[in-house]
Amino acid sequence: MVEKRKLEGLIAAPFTPMAADGSLNTVAVKLYADLLAASGVKGVFICGTTGESASLTVAERMALAEAWVAAAAGRLRVIVHVGSNCAADAIALAQHAERTGADAIGAMAPYFFKPQTAAELVAWFTPIANSCALPFYYYNMPSMSGVSVPVAEFLALGGRAMPTLAGVKFTHNNLMEMSQCLMLEDGRYEVLHGYDEILLCGLSLGAVAAVGSTYNYAARVYNRLIGEFRAGNIAAAARLQQYSVKIVEVIVRHGGGVRGGKAIMKLMGVDCGSCRLPLAPFTEEEYAALRAELEEIDFFNRVK
Amino acid sequence: MVEKRKLEGLIAAPFTPMAADGSLNTVAVKLYADLLAASGVKGVFICGTTGESASLTVAERMALAEAWVAAAAGRLRVIVHVGSNCAADAIALAQHAERTGADAIGAMAPYFFKPQTAAELVAWFTPIANSCALPFYYYNMPSMSGVSVPVAEFLALGGRAMPTLAGVKFTHNNLMEMSQCLMLEDGRYEVLHGYDEILLCGLSLGAVAAVGSTYNYAARVYNRLIGEFRAGNIAAAARLQQYSVKIVEVIVRHGGGVRGGKAIMKLMGVDCGSCRLPLAPFTEEEYAALRAELEEIDFFNRVK
Amino acid sequence: MVEKRKLEGLIAAPFTPMAADGSLNTVAVKLYADLLAASGVKGVFICGTTGESASLTVAERMALAEAWVAAAAGRLRVIVHVGSNCAADAIALAQHAERTGADAIGAMAPYFFKPQTAAELVAWFTPIANSCALPFYYYNMPSMSGVSVPVAEFLALGGRAMPTLAGVKFTHNNLMEMSQCLMLEDGRYEVLHGYDEILLCGLSLGAVAAVGSTYNYAARVYNRLIGEFRAGNIAAAARLQQYSVKIVEVIVRHGGGVRGGKAIMKLMGVDCGSCRLPLAPFTEEEYAALRAELEEIDFFNRVK
Amino acid sequence: MVEKRKLEGLIAAPFTPMAADGSLNTVAVKLYADLLAASGVKGVFICGTTGESASLTVAERMALAEAWVAAAAGRLRVIVHVGSNCAADAIALAQHAERTGADAIGAMAPYFFKPQTAAELVAWFTPIANSCALPFYYYNMPSMSGVSVPVAEFLALGGRAMPTLAGVKFTHNNLMEMSQCLMLEDGRYEVLHGYDEILLCGLSLGAVAAVGSTYNYAARVYNRLIGEFRAGNIAAAARLQQYSVKIVEVIVRHGGGVRGGKAIMKLMGVDCGSCRLPLAPFTEEEYAALRAELEEIDFFNRVK
């Protein structure tokens, strides 16, 4: 079994920077990584939902992985999402991630033909995880994948077939299930909390690491929240969580965490451009409205 | 506006006791109330999902309300669920609850014709809530009702139309929404946490009361959890929550919180009989299996 | 086994007439029945979805059944929907229907606690169907009930437990399943087609009777469609079906088949009042808009 | 606008032949095309759901398109499915299809980020459709894509943005919507019927072409059905449709139209191998059971 240094703290799920013509902008990754490292983020989960991996070609995903590993320069753990509906593509991406020097891989369930059982999901992931030696995190996000396999059962079964199975990125509201994953085999598996707006709940249940899109631009708020939680000041942590809810309310009004969040990133100084279709381009009017809504909640001061 | 003494602590959602022939067994309510009061429960939310209100006639629901108010005898707050797809029945039940001396009413959204917006839901509840002077709690449970109206928006709008609107029984996994409800108008509305297996999450976010079915038989576990939480021992609270998850895993294997829970109640000394159809009767073999599974997790000692 | 005269032709699902104050208006039923009989309708399926049974008290449902049996006066077959989440209420309604002289009963699955299998659904219906001697039709409408039990399996299993099981009111888009029901045991069970806007599909597959809400006011269009179908003029039948689609498009814009359809009924001369909450009252502005939209498709001439 | 020769009759959605090691087997395509042409099929819709396009690399999809165009040799119209979540890949596939000599392209909606409105879907498809001059069919299949945009609205709007928009492959149970598409702008758009087991319904409503997976091996049954329909023998057509239902019942028991159907193809003489993961490999035991079930319904004689 591969040695695993467990993840702890905040892992940002970066937006994928794109140029004005919609092409990949790997140049922006260096500045992006500097900003994340400075904000207290511990790692990046690249090319996932927030990274619009479904909208990228395989070649672009590989180029992006190379850019992030280079830019992270040891300051940030780099987890590369290699999930695809095509197993051959997923394997190619996993092996490329390993060659590139990434720290781990993650993958969402296939979402066209949808596995119905834990056994089917294990059968799907086994050749992918076993194609390289990097730790593997299952990316559980039923709201996007439509795959609702019991996660603890998947981990229990999967650990036997995939020696590198490290845990789960748990992006789901079912926190009883998160508890089940945390309890499993005396905490053998890492459970990366997934919904930023309820991070405090995950911490309370025992999660110690979290992956999310708002950590790209508001990591300091969440690190304060974690600090209050660790100090036993739950009420103070809850107030910071409520502030995070207000941020999320803003991005929801602007198309959600990917589209709205990507626009915030530009306001924070890293121009990642617009999302690719089918997510609509962000207009100048929208940027102005977004900025005004953020100022109304004193966002730019609070995320400093 | 009616004066409202806010709810705090555990509110059990009682099973409805039935005799061997399936008829209502109001006699058992006295013993049931004694047991609850002794276990540290603060109130009861009767005739809800757990109480199988949908399977009862209006006359039975009234008889049950009378039995509970009498048995509670001031030791337990009594909230009567008056929800129905028929507004006339709901109004009759609300007015009866008031005459009977209940402390509050609650109601689920109608679930045949389903309101789509907060405004429609307010229009539905206004004549019901305003038919009596008791505090009114909206019972939000999208998994059963199929009604997914934004709750904070409902409260904000509903507070203007219904002076007695006291808050929401929030039985849903969307804890960001729970935060929104807690924040609303500086905490004007009570938010009764609804999923027992994630109570710690609700407490972390600021909820101070909870309604649930496992508080019928495991209130002491949850009161210990609340105690650890209040003392700042979150890790200890999380372990108690994990124990609650194990209880819930048992009831899920036996048909869920209503059917499996009702059978546990018999093992705890209050024979509530079987559920009514469409929930299948509980067989002797099932009782034996249930007892064995509970013993395996040391249930009977831990809930003492 | 009870002798069954099979249903054939159009069965209207009547709106429930209500007075200006929202109370039941049984007086209107006589005129309503005259109009239906004159339009070529063969029967009525009362107190179903269109009849807002979920919004009526049990007493009102009984009063309505009495009014319809009296008004039908042998000209229309009367099927009384007795479905309820409360088995005791359903049985009371079934026995009342029989005493009243109805021709048959129908019932939707319980939709609060939802049966998951054919066996559970048979267990639910058996005491209800067997409480009287009238033919029993299972009312399958997953879009409203949320119950998706395989219907052919239900019929096959149910026929053994319920000697009166006559068939199914099949209100669903799954026409492969309708074929399965039609094929079952050499056509033993009646399959009442359920979505008016695709009646031609049901006829093509072999259905000979249909229950629907637009037959209340547009029976002549559908009888012409049936006539063309019987004469082998499928293209002409398809054109009439397309006209029915245009009618349905209008009612969808006005809140759907129940709310919009009830308003059309007033324009046809039978004032059934507004729907009960949670369906919103119909305003004068809406009546004007509805009339204009109907005139635009030459409705009032075509349904003559 | 490109000149469009409208599709008519049966279009098979071929399985993608794979070798024993799981690699693409383009060699089998020639035999496959001969068999289809001999069975009365008029065209092929390749690389769609049945063709497991989501499980293929872009390079494999291109190789397959080349093989089919070559094998069709003018006997079969070749529509190449170019849908992808990545617009760049879809455009590359569309332009390749045109260069290769395909007759048309089709594309499913993106199913990771899901368009919510007709306008969003038109915005997505416009650069793809306009990247080549081939007729474009929108492949509407909400059960797989999770995208439920009103199709007639999409066509009406899309026809202005995409001069090549030819119609829709309508794979959905909502036959009212199919009627709306058929009616639109006096039948401007082709509506390719999509669920084989209810083909008779589509024909009744006016569809004249159909795309499906069972036409790969049972085209003669369906051509007989079409013949009876054209001759006005609807009852005879309905009996043939019931036979098709029996075939579909068999494949459903074996994993559905893709997995079970691909196995039938081997029994018919074209060895397409197993499906790729996440669809499980077909075992020898399963082949034996499948053959027995097909023989029980006299399949091999009836599809001759």
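A, B, C and D label the chains in the order they appear, each numbered from 1.
The definition used in the following text is that a residue touches a chain if its C-beta (ideal position, glycine included) is under 8 Å from a C-beta of that chain, and two chains touch if they have at least 3 such contacts.
In this text the structure is predicted, and so the values were computed from the model without any measurement.
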Inset, instruction - Taking CA centroids for every chain, report which one is farthest away from chain D. - result: B
Inset, instruction - With chain centres taken as the means of their Cα atoms, state the distance from chain A to chain B in Å. - result: 36
Legend entry - Rounded Å distance between chain A and chain C, as computed from the means of their C-alpha atoms: 50
Inset, instruction - Provide the list of chain B residues touching at least two other chains, using ranges where the numbers run on. - result: none
Legend entry - Touch-based graph of the chains, sorted into line, ring, star, complete or other: ring
Legend entry - Residues of chain B that touch chain A when the two form their complex: 173-176, 179-180, 182-183, 195, 197-198, 200-201, 203-206, 229, 232, 234-235, 237-238, 241-242, 245, 248-249
Legend entry - Complex contact set, residues of chain B against chain C: 52, 54-58, 85-89, 110-115, 120-121, 123-124, 127, 144, 146, 258, 276-280
